[in-house]
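In the two assemblies presented below, chain A is common to both, partnered first by chain B and then by chain C.
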Partner chain A sequence: MELGSILKGMSRNWVGPLLVALQVAITMAVMVNALFVIQERREVMARPTGVDEANLGRTGIFAYADDFDWTGEIRADLEALNNHPGVHAAGTVNSLPGTGSGWSSTWLVEENKPETSVQSAMYLVDEHGLETLGLELVEGRWFREDEIIDVDPTGFEGFFSGIVLTESLANKMFPDGALGRMVYTESEDQAPVVGVVRQLAVPWPSYLEWEDSSLVPGRLSGPAIFYAVRAEPGRLEQVLPEVEELLTGRASGRTVLPPETHREMVAEEFTDERATVRILFVIMVLLVLLTGLGIVGLASFNVRRRTRQIGTRRALGATRGDILRYFLAENAVLTAMGLGIGVVLTYALNYFLADQFNVARLPGSWLLIGMLALLALGQLAVLGPARTATRIPPAVATRTV
Partner chain B sequence: MFAHHLRTAWTSVRRSPVLSILIVAAIAVGIGVSITGLTIYHMLARDPIPQKSDQLFRVQLDSWDPDSPFFEGGDEPSGPPFWLTYQDAMALLESDIPKAHAANYRSAAVLESDNPSVAPDVYGIRATTRGFFSMFEVPFRYGAAWDAAADQDGAPVVVIGEKINDELFGGEDSTGRTVRLGDDEFRVAGVLEHWSPHPRFYDLNMTTFGDPEQLFVPMRAATDREWAINGNTSCWKPESLVTFRDFLGSECVWVLFWAELPDSASREAYMTYLNGYVDQQKAAGRFPRPMDNRLRSVEEWLEHRQVVSDDSRVVVALAFLFLIVCLLNAVGLMLAKFAGTAPSAAIRRALGASRGDIVRQYLTEVGAIGIAGGLAGLALAATGLWSLRQGFEDLANVARLDLSMGFTAIGLAFLAALAAGLYPAWRVGRAVPVRFLKSQ
Partner chain C sequence: MLEMQHIGKVYRTELVETHALRDFSLRVNEGDFVAVTGPSGSGKTTFLNIAGLLETFGDGTYRLDGEDVSGLSDKQRSRIRNQKIGFIFQSFNLIPDLDVADNVELPLRYRRLDRGERKARAERALELVGLASRTRHLPSQLSGGQQQRVAIARALAGEPRLILADEPTGNLDSLMARQVLDLLEEINARGTTVIMVTHDPDLSRRAHRNVHVLDGRVTDFKPYDPVPGGLAAGAGA
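Moving on to the complex of A and B:
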């Protein structure tokens, strides 16, 4: 019943409503797309790595003295670390999942057949690795101390006595059971699969096969090595500085690498994503506020302009509720017009982002949620001015200003 | 006349202070957000060595696996490997076609000093050849690059950065003195002035916007000591790698190679030379892939390695849409503001001012408001970037305003305000004087 008079009112003073409708439209396009990008980036960052993330830290040593007893000092370090109160377990590693740098290796499922090759991350771990990383062994066994060999990234002698695969990699390489099967390299080395762990992510966040990792019993042959340190639950922040002090005081001829938590390392690797999420979030909040204020501004202007008209309507029998409803309805019509343009803009913007950049296609449900949210925002914003309107006394109609 | 417009503008601003402040605020928020986004993009897309970025070339040879192309991130092949094998890098250093060239890699070692107050610590090291310094115009404070003989025999000499020189030698001329690197004495050949190209184009492997290394040694001095490669090493060929010698002679790629080629003649000559070299190697049984040698200029290299992230572009796009919303808001506010001043415009019209005068008057006011909004927006952007620097260590060299961004902010705000004010000003100019005069 009121739609006709609402539209008539708008067409008489169309600039203000048009501006607000356009604001609503662009706000919807930006809000929905920004939220979508935020959600996408969050999902990537939230992927589990398979290790005990909350309690895991990393330190290490860099030796420089010519006569540094590499093997002996590492053994003594590990003993001291594993006996330190608050440390659950500690062991040597070459890298940690999600932290940006690590090793990869090409394995062959069948000997001398390059076409059966599979790429995977390769972690060097020691006998403490299972406990230190907090992995879940689903099949087979972990490595023994006597299996750990010295490895240099630029070349070493011998090969590993066994290999542990993640479930994901095991299923890819050996769909009918991996335990006991041989894994080959292109350089004609081989090792049996001795165990399978539930999950362990690769070191590189942008790598597509997130869970294709393998573990081998090895230790870097110097001059630098990382120690993974897993603290008792909740004690990581306290333990890490103690560990640094412990290692620094224990031997000379080497420096201790500053300890970091696994979470810090992963967060640093995601600097771009986190900064994007933060900026987009700020843009979104400001945008919603701004559009809300725009709606408030237009409605207040209308209330002031229509003071006499409202008074007249009240004098002719319109209730306060009628006045309130009128303003809410007017806003709903205005917002709906904006959302009409908004849907097109939202899709156009998403199409552009998906086409040009690393953004996926927007599911339809996001559009619906965006529309409902903006409709609610509009009604909320107009509530204040509309209530002011309801307080206009009917007597205004009789006054000449 | 302009001064008069300005004075009238000031009177008008004072007459409606709340609306004026709101307009300034709307523009400021829009500028603050869009300049924050734009600054990050601008810093990522910056030319790190503008005076000669079109004369410096990253050298790529396709020495990779015959069975599968080289991949590095993403699901598309990346063309020839980003790095050279050690043997190829050493061979290319023999050419005298480039004005300068340098092989290099990043390593690390523990630095000890005679200064007891400085504890031994791990430092990143750039192992390179002397062409690095002249080619990249690295500024020296004391001394100079090592001589050609040091490149040949791997003499233990080092060029140190100003920061280390300050720490170890109190900023004095330390050339000729020694530092201990990995338990060996290295003689200081030169001390650098502050040098920090962003992005760190010569090696994008680690943090792209990190600071350069503080220690530079001859590549030979590093490989003789078998110093680790703290960069990317990629191998494809099944070959026995037991010793470091084996590794140096292998098909593993890990050496970064840059050449300075000042004109197209030298570029062509160098490309011919590269193709000739690869042909020769093919005859010797290496380079099994089709010939694919590349010379990428600094700009092309940054583009190829996608230094400007997609995310930063998305942020710019959305930030500018945000600016548009702010401007729509400003238009609404200006309409309200000018509606209030219509009667005084009417009086001026009646006293003989032309429509053009009125419109010019209002645009002057709007322009002034825009510049105020731009300044406030710049302050907001500076605050936003500051908070990003606090939150993200890696953005310390990225989230920074520079002069060009400052001017952009003011200019953008001015133009945006004019665009927003055009319609309101025109509407006031069009108003019929008589209507307002009558009701007075």
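Moving on to the complex of A and C:
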């Protein structure tokens, strides 16, 4: 291989190769980081929430009549919903995981010790909650009907009779076992842990402690409330319109909130994320294409500029394979130089993204894969011009070009 | 060394058909120094290209060093060019990005010789042409005569049986031309067959034999400096 002479040649005509090498470096930095961010975002969007996502939907009511019988109508609604064919279970909730809005609560592991505080999402659920959300109870019990209290978000008397934690939150708060332990609030309320569920995500997709949720037996005291509706497997699309019709026809003095599937709600919450992923992907593809074209351009220019040289090499005994290998090797050297600079740029960009946008640190394997991919791209891009070069006849050496 | 029988070469475009060589026959013995003369467009360069396996031909047969090279593949022709033929071009055809030593080593790379062997051969060849002290110079740092001597060293480094020179002094002044001719004579005196295409009668006079080409045929053939046994008859049509 003529590596030495290739390097010498480049050092004598360095502007074109340097520009393409820089382009390779920038492409590598952007491509690797963009793909990493895309992968990270996709993982975030694909995280399981712990509920029966495929069969879960949400509707609700907004009561506007002054004499609306809140407690009675909700009980009647739930009875009707739970008896409706195709509905597996229905119950009241204040929010659903991954949908963007919900409540948070600060719990204390030890009474009056703010330094033992833990942040978590707080779901208000009723006695149907376990079945409705499709949660897996791994320890303890679920709430009874008599435990469900009315909760006025602006302030309410009393406190919950018990609390259910996710496994993640339970392990964080009580590594030696959570069941039966007391959970305290900063306002000196307390409740025992009565159960632990396997998993339930928080409502906020960007919240780092994705599985730190708690559930309490409560129901909003009006004027609006959400009903979570879990359909029998595969019947959600059919059931939701029926549920809307059922609720609309059942009582007056209220508006029925349009039903949505849980997946639609989560997808809507991720609209910006998906747009970001798409834009990043398009930019990355364009940059890779531009770099490929840059390599094709430089190599084509070199082939034209060196037509006589290539003919001379052929006359001196170079086979077509030798000419092909020469251009591939020259491109590999050029790309390798770009990748060398690219490693530094890639890490610098990742450091910036980690610092500014909470992106994780780039694993070394990504760097390696990025380098191999760009090396392959370079070789692919140069293949066309290199094959053109192999077709230059040796007789060119004796002609005046 | 070289025997062409009834070679024909036609260049075709959509509009024109040009017979560059017609029924071209020539024999050159080992150790000959042959000058091929003729006006522009007579077919001299085409003959040289075919002789050097740079181009294929249509009709006839061509034996080089006893081997029929008519139906060889591109790769086989490359190998023969590399091992048996040394080329000297009118415009020197040095690779501008490579220094003198790398230029001389180039054909040896294609022969897959190891670095040490390449270096040793290149040094010997450069010594022969008097440029051993210029190995790290770039072609652009040399005079025309020096560049052509580098090209001659490149042709010699592979120790070829046949040197094909295409107007080797065409771009040189008379003093440098004489030096290059002296060198070619010296190479020939060591036993290498030399075929030189030129349109300069003064140069052709220094060859053992002179072949005149006109309209793609050998029209005249005479020795200027007969060497017994080196004068096998070559015949035009």
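Following the convention adopted for this analysis, the second predicted complex is superposed on the first by the 330 of 401 C-alpha atoms of A that agree within 3 Å, B and C clash if a C-alpha of one lies under 4 Å from a C-alpha of the other, contacts with A are read in each partner's own complex, and residues count from 1 in each chain.
We take it that a contact is a pair of C-beta atoms (placed from the backbone, for glycine too) under 8 Å apart; a residue touches a chain by one contact, two chains touch by 3 or more.
Quick caveat: nothing in here was measured; it's all calculated off a predicted structure.
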Should A:K8 be classified as contacting the first partner (chain B), the second (chain C), both, or neither?
-> second
Mind working out whether A:E188 is in touch with chain B, chain C, both or neither, as first, second, both or neither?
-> first
If you stack the two complexes on chain A, which partner ends up touching A:S365: first (chain B), second (chain C), both, or neither?
-> neither
Which of the residues in chain A end up touching chain B in this complex?
-> 15-16, 19-20, 22-23, 26-27, 29-30, 33-34, 37, 41, 62-66, 114, 152-157, 185-188, 206, 208, 223-224, 254-255, 257, 268, 271-276, 278-280, 282-283, 286-287, 290-291, 293-294, 297-298, 301, 349, 352-353, 356-359
What residues of chain A sit close enough to touch chain C in their complex?
-> 2, 4-5, 8-9, 12-13, 308-309, 312-322, 393-395, 397-400
Residues on chain C engaged by chain A in the complex (per definition of touch) | 45, 48-49, 52-55, 74-75, 78-79, 81-83, 87, 89-91, 93, 95-99, 102, 106-107, 109-111, 138, 154, 158, 166
Contacts from chain B onto chain A in the complex sit at residues 26, 29, 33, 36-37, 40, 67, 73-75, 108-110, 112, 119-122, 182-183, 226, 228-229, 233, 238-244, 246-247, 252, 309-315, 317-319, 321-322, 324-326, 328-329, 331-333, 335-336, 384, 388, 391-395, 423
